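One chain, subunit A, appears in both complexes that follow, with subunit B as partner in the first and subunit C in the second.
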Partner chain A sequence: MAKDFKFRTCPETGLKVHSQADALIKANAVVAVVFLAIGGLFGLLVALTRWPAVHMLDAELFYLALTAHGADVLVFWIIFFEVAVLYFASAILLNARIVLPKIAWLGFILMLVGALMANVAVLQGESSVMFTSYVPMKAAPHFYLGLILFAVGALLAVGIFFGTILTAKKEKTYEGSLPLVTFGALTAAIIAVYTILSGAIILVPTFLWSLDLIPHIDSLTYKLIWWGFGHSSQQINVATHVSIWYATAALLLGAKPLSEKVSRGAFLLYILFLQLASAHHLLVEPGVSSSWKIFNTSYALYLAVLGSLIHGLSVPGAIEAAQRKRGFNKGVFEWLRKAPWGNPAFSSMFLSLVLFGFLGGISGVTMGNEQINLIIHNTIYVPGHFHATVVAGTTLAFMGITYLVVPLIFQREIVMKGLARWQPYLFGLGAAGISLFMMGAGTIGIARRHWDITFSDAPLTVDVPGTAFMMMGLNGVFAIMATIGGAIYVVVVVASILFGAKRDEAACKANPVVTAGGGEAVASYGAEEEHPNLSGTIVLVTLLFVTFVLYYYVNWKFLSEVWPLS
Partner chain B sequence: MTDNSGSTNENGDEDIPFMQRLLDNPLLLLVIGVASPMLLYTIWGVVEVALIPLAN
Partner chain C sequence: MALTSPEKRIWWNEPLSKIELTWIVIAFLWGLTMFGTMVYWHFTGEQNLSNEAYRIRPEVFAERTEAQAEKYKVREEGDTGIPVVKPPAGSDVYMLARRYEFWPILELEKDKQYRLHLSSMDVQHGFSLQPTNINLQIHPGYEMVLTVKPNKTGEYSVVCNEYCGVAHHAMVGRIYVVDSKK
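On to the complex of A and B.
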């Protein structure tokens, strides 16, 4: 390895940290948190407007806030943070240098300029086209240009990730196969390439159309290709937050996967099939066949669901195995009771795992069925589902790993530890409430995007059940709770970076955040050698299956009542 | 999944199982990971949209 690359050795994990990787991770993570703060505030405004008793914003501002909320949290927060994860999982976990750091910085600048440009376009009020920006609604040209610049920057970052893992192999900075967490990040990077290509295929002509250089964009073609970008971007999240679950379990408890091969096989199922879920959004379009819809959302997608079920067994199983090795062997659940619930990194990870599985996973598979989808298509059930996956699942997992990134990468102590301890519970409960009540309101027919759930200016009266008002009110209450949880996260992270005590070697030894052997567990290939009794995990997984089956068939019952056949 | 312990070839080296060779090849995974949805979702879908008859 060339001599001019600057490395430090992490005193806790023993991993070599390339200075450029270190700086890039910090920059991407900080900008991500800023966009989370901005997008989260817009989200609160949206929820307070959808709360019928409050109905805060007028229609014009509502659609502006909804567009900004979607772009800032569904794209910018998530992808900036994912780039930080890609650099961590490649350069740091492989003890390698990051390749072409100047290109990586160029990518960062393009992403930042693009995100700012899109935000400016939205705030100017001429681009309230919502996250989906369906044509023929037309935004200002710099809205599309901002998204394109952001995507080009992200593609550069993904290229740097691939270059880094290939160079690490060539320079023999690691032996054998990629560690599982890096393999999960590779999965996310592959999905990102398809996602960005889809975005480019449709957003470049749409940008030209906004400049009147192209006369017409077919709305169905737009919708089809756009969802290859819009939904797949959320599949990058799934692969990334599953990797973070494995990483957190390894760092905090020394947990290794039950079977590295099976977990890698589950990621392979993601690589092959997860992006196909994009077809959910076109299930009522008459222009595409049932064969296309059913293949993409059922037969093929269920193989990706199998991947998630494997991770859903493997992650808690790895935690149970690690805890039982530490002596927490009494009964079925001592390992879980004695888990570090006061550590926000762990509680965020485990809440993310449970909420993603029970709320996001079950609802996603159920609504992906072409027939059941008819009950809830384009209702507020859909945002309910994706708040369970992206907020309770991905965002909570990202928040959790931040409590490790700050001491290990920024080398600062977490400040306000009492607040930090409660933050994941507050945010997790808030996100769970948002998801549940939006799904509940959607099941009884509340529309997805509309500013006024009562349709008060419609020529025909719409009979909205009182339950829907209650559910949208509860959605607002839980949104406030999630916002407070999110605000605490931002304050704790920013204050820790700015004012946290510097963690030198002595501080790391006195107050370690990583368990002994955690660095080796996260950065090496290999599975748990001993397989102790995993009865607790079996009980949890059985509970998930039973819930899944009941919910699935209850929805068939709903469908039979909505659309009687006799 | 294929077993990790492959058979031994005539040189006495251990053969690496197909699945492990696939999973250890990031560029091949990239190609199939992009080609699979591009074919099954994007191209198949766009062809169906393109074949919708125009209204007279």
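On to the complex of A and C.
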């Protein structure tokens, strides 16, 4: 090594932690949480406005708040947190130093400046174009510039991640292949490169167009490339939260993947196939051929879906196997009943897994069908679907791992443990509720991004079914629950960082957060001849499969009832 | 475990458990089934989106829509006097989207086919036909043509479900479907 780098040794896991990795993870995670707080508040305002009996904001503010909500939570919260995860999965898990920390900090600053700039643009009111900013609707130039700066910063972070892994390999800070979690993060980072480049290809010309330097941007081309960015970034989220599922199961229960080969193969499927699936955002656009749509949504999407279905068995399977080895071997579900449900890191992780699969996964694949999309496109079903994936799935998983990051990286005890214990349930149930009720309202045709389902300002009347009003009201109720859950998360995390007791070595010994043997694997099969008993997991995946098939064909039935068209 | 390097250096030769293998096969076959269902529906289903579309200048599309409205107008409706247009069954019908209206109102006959032409004059709009629930994206500069066959009489609303500006939520149109006898 050229220089002396400052390392500490984690008393719980024995990992060597580079001080720069510590600092970068802290900075990115804290900023992420701030954007979650801001964006979440906008989400509440949006949901309360869409609750017909409350109808809180006026129209202009509603569209402003909706734009800010989408950008702050989907882009800024998620990606700042992901950058923290990348540094964790590279430097910390590999015992390595962060290469070029100065560049990493430059990336952080660019991201922060970009995010603030975009927020200012939105709050000034001239950029209420939604985070998708479909042309030819025009936002202020600094809206696009902010997004571009943010993307450049994120690209630098991804570069540092690759550099750190390569240096770790060269300096032999780890032996053998990358750990599975790092491998998952690596897939996320590879997809991120593709994603950010797509974003640049479309946002740079759009920025120039907003300055009148380019006369015209084709609206269909914009959408095609924009979703190369917008959809692939969802794949980054999935790869990251699946990695977090594996990491949490390993840290808390010593769970080991059933088979390294299968889990890694499933991650590879994400890299190979998801990029093309941006097609499912163009299923009802003019001038896109059916064969292109079918190819891209099925060949490409279903192989990526296959990846997720595989994780859907291997993650609970790994947990079941580990729990059974620990002695919770009675019946089909003792392993699950006796899981640490009072530990918010675990409950978040498992709720995230279940809600992502049952609500987000099934709805996404169903509406991604070429024809079924006709009855769902741009209805509020769509936000219903992605609040199941990106809120109940990704956000909840990120919240869960925070309960481990605070003690291990910030080296602080979690305060208000009693509140923290309930947080994942409040947030998870709230998120599940908004997902379900938005999907319900969407199934009867209620539009997304819409201020007034009474159509009181419209020149013609519209008959909206009473059930839609009820569902939008219930959506509001669950939105309040999700917000309370989200607020508790923010308060607990901030308070723990500021006021939590410092965790020195003695505290770590007395009150470990990493269970059993410092995270040693308690089970190891795949390598063993004996096959683990996975009866509980089999019941779970069977249930998922049956729900999936039934729900899928129910939607074909709905489709068959609309006007014939060809 | 997942946080450390695989115990076996040659992890890619580890045996696969039967349970995992079975699940992979089931999941893969399910993907094939969903793929097959989409293709099958193209041959047997009645709801498939045409791929017919043209590039068109907004003015040209507006001219065609206005010509049709002039020719087949049967009455006016609403405070702003929106024409209700009833083109002959089987013909080409035009509806344009612009901030913040779908124009004109159409009157169609039940169980008759029409070639419906849609385009936008300004930004993107969403064509959401309710309560039957058909949702299409309308772009400026592109003309989408699809064959529709209304299967129930009644009053249908066209709601804009792509955000298009401050009065997006007031952007509605209408299509009447009437019995062919009268």
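Here is the rule we go by: the second predicted complex is superposed on the first by the 544 of 566 C-alpha atoms of A that agree within 3 Å, B and C clash if a C-alpha of one lies under 4 Å from a C-alpha of the other, contacts with A are read in each partner's own complex, and residues count from 1 in each chain.
Throughout what follows, a residue touches a chain if its C-beta (ideal position, glycine included) is under 8 Å from a C-beta of that chain, and two chains touch if they have at least 3 such contacts.
Computed from a predicted model, the values in this text were never measured in an experiment.
Colleague: One more residue to check, A:V288. First (subunit B), second (subunit C), both or neither?
Modeller: Both subunit B and subunit C are touched by A:V288.
Colleague: State whether A:V541 touches subunit B only (first), subunit C only (second), both chains, or neither.
Modeller: Once the two structures are laid over each other on A, A:V541 reaches subunit C alone.
Colleague: By the touch definition at the top of the document, which applies to A:V262: first (subunit B), second (subunit C), both, or neither?
Modeller: both
Colleague: Does the superposition put A:P459 against subunit B (first), subunit C (second), both, or neither?
Modeller: The answer is second: A:P459 touches subunit C but not subunit B.
Colleague: Which holds for A:S496: it touches subunit B only (first), subunit C only (second), both, or neither?
Modeller: In the superposition, A:S496 contacts neither subunit B nor subunit C.
Colleague: May I ask you to decide whether A:G317 touches subunit B, subunit C, both, or neither, giving the answer as first, second, both or neither?
Modeller: In the superposed model, A:G317 contacts subunit C only, not subunit B.
Colleague: With both complexes superposed on chain A, which partner does A:S177 reach: first (subunit B), second (subunit C), both or neither?
Modeller: both
Colleague: Of the two partners subunit B and subunit C, which one touches more residues belonging to subunit A?
Modeller: C
Colleague: Can A:L306 be said to touch subunit B (first), subunit C (second), both, or neither?
Modeller: In the superposed model, A:L306 contacts subunit C only, not subunit B.
Colleague: Return first, second, both or neither, reflecting whether A:L220 touches subunit B, subunit C, both chains, or no partner chain.
Modeller: Both: A:L220 reaches subunit B and subunit C.
Colleague: In the superposed view, which residues of subunit A touch subunit B and also subunit C?
Modeller: Residues common to the subunit A contacts of subunit C and of subunit B are 177-178, 218, 220, 259, 261-262, 264, 287-289, listed in rising order.
Colleague: If you look only at subunit A, which of its residues touch subunit C in the complex?
Modeller: Touching subunit C from subunit A are residues 13, 59-60, 63, 93, 128-130, 134, 136-137, 174-181, 218-220, 246-247, 249-251, 254-262, 264, 283-290, 294, 297-299, 302-303, 305-306, 309-310, 313-314, 317-318, 365, 369-371, 373-379, 444-445, 447-452, 455, 457-460, 462-463, 465, 519-521, 524-527, 531-532, 534, 537-538, 541, 545, 548-549, 552, 556, 558-566.
Colleague: Quick check: in the complex, which residue numbers of subunit C touch subunit A?
Modeller: 1-9, 11-20, 23-24, 26-28, 30-32, 34-35, 37-39, 41-42, 45-51, 53-54, 77-80, 82, 101, 105, 118, 122-124, 126, 128-144, 146-151, 155, 157, 159-174
Colleague: Would you pull the subunit B residues touching subunit A in the complex into a rising list?
Modeller: Subunit B residues touching subunit A: 1-2, 4, 19-20, 22-24, 26-27, 29-30, 32-34, 36-38, 40-42, 44-46, 48-49, 52.
Colleague: Using the touch definition up top, name the residues of subunit A that touch subunit B in the complex.
Modeller: Checking each residue of subunit A against subunit B gives 162, 165-166, 177-178, 183, 186-187, 189-191, 193-194, 197-198, 201, 218, 220-221, 224-225, 228, 232, 259, 261-262, 264-265, 268, 271-273, 275-276, 278-279, 282, 287-289, 292, 295-296, 300.
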